[in-house]
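The structure under discussion appears below in the form of structure tokens.
Letters A, B, C and D mark the chains in the order given here, with residues in each chain numbered from 1 onward.
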Amino acid sequence: MGKNNILNDPVSGFIRISNDLILELIDHPYFQRLRRIKQLGLTDLVFPGATHTRFQHTLGAFQLMNESIEILKSKGVKITDKEDFAVKVAILLHDIGHGPFSHTFENTLIKDVLHEEISLVLMKELNKHFKGKLDLAIKIFQDKYERKFFHQLISSQLDVDRLDYLRRDSFYSGVSEGIVGSERIIRMMNVVEDNLVIEKKGIYSIENFLRARSFMYWQVYLHKTVIGAEKLLVKIFERAIELAKQGIELNLNSNIEFFITNEVKVSDFKNQQILNNFISLDDADILLSIKRWVSHDDKILSVLSRNFLERKLFKVEISINPFNKNRVNEIKEILMKDFEIEEKLTNYFVFTDFIQNLMYDFSGSNISVMIDNDNVVDISEASSGINLSAMSKINQRYYLCYPKNIKVK
Amino acid sequence: MGKNNILNDPVSGFIRISNDLILELIDHPYFQRLRRIKQLGLTDLVFPGATHTRFQHTLGAFQLMNESIEILKSKGVKITDKEDFAVKVAILLHDIGHGPFSHTFENTLIKDVLHEEISLVLMKELNKHFKGKLDLAIKIFQDKYERKFFHQLISSQLDVDRLDYLRRDSFYSGVSEGIVGSERIIRMMNVVEDNLVIEKKGIYSIENFLRARSFMYWQVYLHKTVIGAEKLLVKIFERAIELAKQGIELNLNSNIEFFITNEVKVSDFKNQQILNNFISLDDADILLSIKRWVSHDDKILSVLSRNFLERKLFKVEISINPFNKNRVNEIKEILMKDFEIEEKLTNYFVFTDFIQNLMYDFSGSNISVMIDNDNVVDISEASSGINLSAMSKINQRYYLCYPKNIKVK
Amino acid sequence: MGKNNILNDPVSGFIRISNDLILELIDHPYFQRLRRIKQLGLTDLVFPGATHTRFQHTLGAFQLMNESIEILKSKGVKITDKEDFAVKVAILLHDIGHGPFSHTFENTLIKDVLHEEISLVLMKELNKHFKGKLDLAIKIFQDKYERKFFHQLISSQLDVDRLDYLRRDSFYSGVSEGIVGSERIIRMMNVVEDNLVIEKKGIYSIENFLRARSFMYWQVYLHKTVIGAEKLLVKIFERAIELAKQGIELNLNSNIEFFITNEVKVSDFKNQQILNNFISLDDADILLSIKRWVSHDDKILSVLSRNFLERKLFKVEISINPFNKNRVNEIKEILMKDFEIEEKLTNYFVFTDFIQNLMYDFSGSNISVMIDNDNVVDISEASSGINLSAMSKINQRYYLCYPKNIKVK
Amino acid sequence: MGKNNILNDPVSGFIRISNDLILELIDHPYFQRLRRIKQLGLTDLVFPGATHTRFQHTLGAFQLMNESIEILKSKGVKITDKEDFAVKVAILLHDIGHGPFSHTFENTLIKDVLHEEISLVLMKELNKHFKGKLDLAIKIFQDKYERKFFHQLISSQLDVDRLDYLRRDSFYSGVSEGIVGSERIIRMMNVVEDNLVIEKKGIYSIENFLRARSFMYWQVYLHKTVIGAEKLLVKIFERAIELAKQGIELNLNSNIEFFITNEVKVSDFKNQQILNNFISLDDADILLSIKRWVSHDDKILSVLSRNFLERKLFKVEISINPFNKNRVNEIKEILMKDFEIEEKLTNYFVFTDFIQNLMYDFSGSNISVMIDNDNVVDISEASSGINLSAMSKINQRYYLCYPKNIKVK
């Protein structure tokens, strides 16, 4: 960007950035790194257009935040310049803790660490550099600021983060049904007692938003071939971790090796070297590791890696009910016979688990609708078009993965 | 079109028409007349972009029919050249019986006559002209052909008619949330025992389609300002009919006069003169009548007409419950006092009724889902994402109309 | 619109109108009338999607004006609230003098009167109503205000009028090649010594804009079938005027009759009755006249009118050179023989003339490019990619019209 | 893709692939590798949406080829099944020889080897695997087949390759002005004496295509910040090559090292090992090399690499005239003083050269326009709207690069 402060984006149109400090944040290596991390991980193996990055999404969410703040001000909501700046910084940095393929690697490479926690560590680092100017942004991000709607704009069931990623993922995957009327919803936003609410006539737009989200989950995010790709990636790294434990050389030349050979926890990020290691990672490190491992001596690692590179992904079956153990064992036996591998190693190729998608969460933060000036209710009460209790039930599905090239009945 | 057989449409892209008889049908005055009838009647008073015509929609549905037939053939469904031609003619003529603002005028200008019945009369007329070549098309239109899926493509809960009008109305109104993945749905179509079914992986698309339809109903088709406009148009013509009954001259110079002064029934269309009268009508006749009536001696007629032209539409209140009679009467009394009109005339200005929108109809033709090769079930059983029984309940709303310029508490 | 001050438009997105006086202007019958006048006249006979109205275009240009003013202010151009209001009013009213099919009827119905002149008359009328509040708007419209860039934004070779109509006509006709980067161009606008200029890096966008305009001219505005339709409309009204001169009854019931039977000049619009007559006209008056004339006793009038309604438009040939007189006479003779009409009447069916399209006008107002802070030159000097002198030459074409159904060699 | 033979693409819509051999080709590792190579190299550093891959473009071009063949057949052009298959294979493989950032690296990593030559080597390899089934495809690709139009569809001034990449690059960069009416142009294609021609009415579309291409060159492909990024990448690898020559260890762990340390020629690709090395490369290898070099002992290499990663790209000046040598030397002297580096090393930071864009090439293959059935002329003769001789002149610009963080007058 440099001195250019207008960006041209196919989803957001022209994004103007006029604040100098925000420009500096965008130019910072922590933020530039998001250019090298795809928003949807391996989804482009199924929807080839979905190669957009976390960098783009973050700027798109930033743009929607600008619009939201402008709309709220025009409705008489008082927002100081300091708050205005802070909430824009907060949205800009909300995803800064994402590593490469982070959703796939949850509980694999970095255990029990949410990306929000890493974001917070990085924000604090940046705050040192910018001499405390990010104090309020961090407070809003942590939901410690008394005017709750600022945090709700960043993280709630109807935040600008979701408003951007749904429209963007829909656009890039070519799945037009996932389109949400982000602009219409923003125009319906208001604030009552420092809480974000939606005006009554926005109910249909909210219902549509919840529906679009559900559609994107089943059609794109949890598409069974996407799962087949993600699980293959996980198995590759589980094998690498296992080999590292056994002291076997992995032949890498990347900081990713540190995270394979050590169990990193969030507290470790206080160590500057570990933090720098993490910051240096992007999608290319993962990809190049796999390319190296194609010729690794360990057959499991090399076969899985070759399958990944040549897009021989797992075959995936989906079911509402758990898969029968006998069936899983039968497939493992076929595998043992066909590929001549030990039983314990079959877990790298044949396994079952579940995925879930909660469409509307009654328990957590909710979407509030302003019926009239004095009356705010939950969307589930205000809505009459769609049965939200049906939406809120957990949609759980079981999956079973196994190699494509074995004959299974 | 003439010899040009490619049309450029912003929604459908390029529409190629290569069959000579179909070109002749499109060039016929019955069909060309659809150019002068807007698809959404008065909706452009609220969504100014929605000026598209029945002509465009019909060609768009024709294009989707071409795609559907191609997809079904590619899946091994046997379709003869005769059937292919007939079903395309049938979709082309399915809306040919629409008059100007026909949804608004149902039960006003032409009583108890469905536009489908007039379409049938016109198809039979055309069939005479084309010497019986439309026989099978008419049979399909009437659902008298044994291979049911042809009729289902034209008229069912998931026909190409709806697939086109939803995407088109959404496009022209600028309400992006109404977009349905017409192409995706068509790709999921199949035929089992001569019935149209949707393949299993199309469930989410169907749910999305039902949701989009619901959204368009509440946000566009039944928008309260649209209702306020439509009811004003109805009241103008009710008044004109009343005056005609009283023998008062209407000062028109249009065939519309015939339909105001006579109670026309579907059987009357056998009379060639009446048929020709009907065929000559389009949106301009309605509009010019109202412009004439602005200076009519009858005050009711002239006030209503002026309000229409200057877009002083009825104020509309919507409620889930019926409106209290006392309230309606109070408004009428204010009106009587303010405007010095007799009580019986207040019905032209103050009135209440209900509208409804049935999202999914369990009783009628249903949407069938092919679970596997031998197993076809209703979408309501196959779906798990959205509660269809909630969708199928009748969504009924009451409305109350009264003039904008009276003070109502 | 009433109290709703947000409009949803498929091209402009959400248009917010917050000024009360501007809302009143939009609600005024003069302005609401633009809803009933199509922007592109008969073009929808060739591009069926092009049914958009002057109402939509005007609001779209208004929206672009809002953006332009905001951009200029952000670049430090001083604009007072009074100027801000005035220039927005001026763009809103710039097309208010358009009658139905006005481009087609130039020199037919209303002789030697430019629509800009009628706009001015109507603006002055409105100014009386609004007690002088439109003074500055009118001054800007007339180019009598010393800060020239305000007028240039409304009317110059690169005004928001053109920036809207090109993108809009392109969108509705489905001709994607006519898209201009309106937003990009607006972002390149600046003001030097009170004149509108384009910043240097905008040169490619300007070249693209000139090219898109040329494309739309030849592909849409001057499409030969569109010409065939427009000339048919002109011939119908020329015949009606001729009959009126002969004292023959035209059987209309519309104010259009006044303009057929009288030669109206711009000075006549001072007469309030004539003004009101004009204001009452819209597309429906033209269409209904033609529908009446289908059964007129005069064969010429009835044949031309029927051809129009049934879309039997003139066959049109285009040539870079004038058509040979002998050829025209030969066609007339065929016509006289086939249709048994007198020679002098053949001019209603066979005629030739020319059309022209000036891509860039060196003589008039030009597009200025700001090379650097002190240096402003004409686009023709600044541009290097495209030869503008080639663009500026008059592109003149000759056309020859005759009925489709006669055999011509 | 696996057994799924429908792909969803945001630009092309649904792409259906029904031929088994074509599916096998797409599944082949040579082709899957294109998923990991961005179409526009470093352009996403300026237009962040432009992250689309060569994989997507190739499938889009394949889709346009399907449409072209269908249109030509519908116009009576005889095309055998064998030719149909061959030309589709040829377009699918036309870009298969592209390496990572190949336009940037021309003349750096692989000297004097065009990507078309590598494509041919790879096609021949695949032909062995597929037992000669690609014979005709290769013949067409090499322009050795007597029916020239097949090759012209793949490679000429108006081939489906350009028709796809222009619309796709325009879409992803968000630069709407680059849109070409690919579908319209394809509909205008025809074949005369086995040569591809455009029908007369397509002239405006061709002019528009040439204009859009020019626009994309100056606005996107040759955007000065893109040049600043590409030249930085080149300088990094020039430095690495220089260090390799000096025997200095580069600390990589990637096959890219082979191409840095050896001067590879096209004849070397006969060596299977070198071919495999090449095939293993993608964007990640380049990126990871640079990440490694940030901590390399050589200051030049580490500084350039860090600048790249943190997006401190070269400052670029553009001029129509060559830059004055004195000015270049002055900047070098400032650099020597500020950064304390030797004179000969300043060439890594300060340098000048030229770029060019030939809009329409008179000398090579031309675009033929079919005036009528017997008459085919070059577009430059047929066109009257735009001066093509102006377009055909070489548009040459000089650029000067230097670091952003030095003070230059």
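Heads up, the rule we're going with is that a residue touches a chain if its C-beta (ideal position, glycine included) is under 8 Å from a C-beta of that chain, and two chains touch if they have at least 3 such contacts.
This structure is a prediction, so every number in the text was calculated from the model and none was measured.
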Where chain A and chain C overlap in contact partners, by chain label: B, D
Label of the chain whose CA centroid is most distant from the centroid of chain B: D
Between A-D and B-D, the pair with more C-beta contacts: A-D
Where chain C and chain D are represented by their mean Cα positions, the distance between them in whole Å: 43
Centre-of-Cα separation between chain D and chain B, whole angstrom: 50
CA centroid of chain A to CA centroid of chain D, Å: 32
In chain B, residues with contacts to at least two other chains: 13, 175, 184
Contact footprint of chain C on chain B as seen in their complex: 1-2, 4, 7-11, 13, 27, 29, 32, 35-36, 38, 44-45, 47-49, 51-53, 55-56, 59, 171-175, 225, 251-254, 280, 282-285, 287-288, 291-292, 309-311, 313, 404
Of all residues in chain A, those that touch chain C in their complex: 6, 8, 13-14, 18, 74, 183-184, 187
Of all residues in chain C, those that touch chain D in their complex: 175-177, 179-181, 184, 204-205, 207-208, 211-212, 214-215, 218-219, 320, 359, 384-387, 389-391, 395
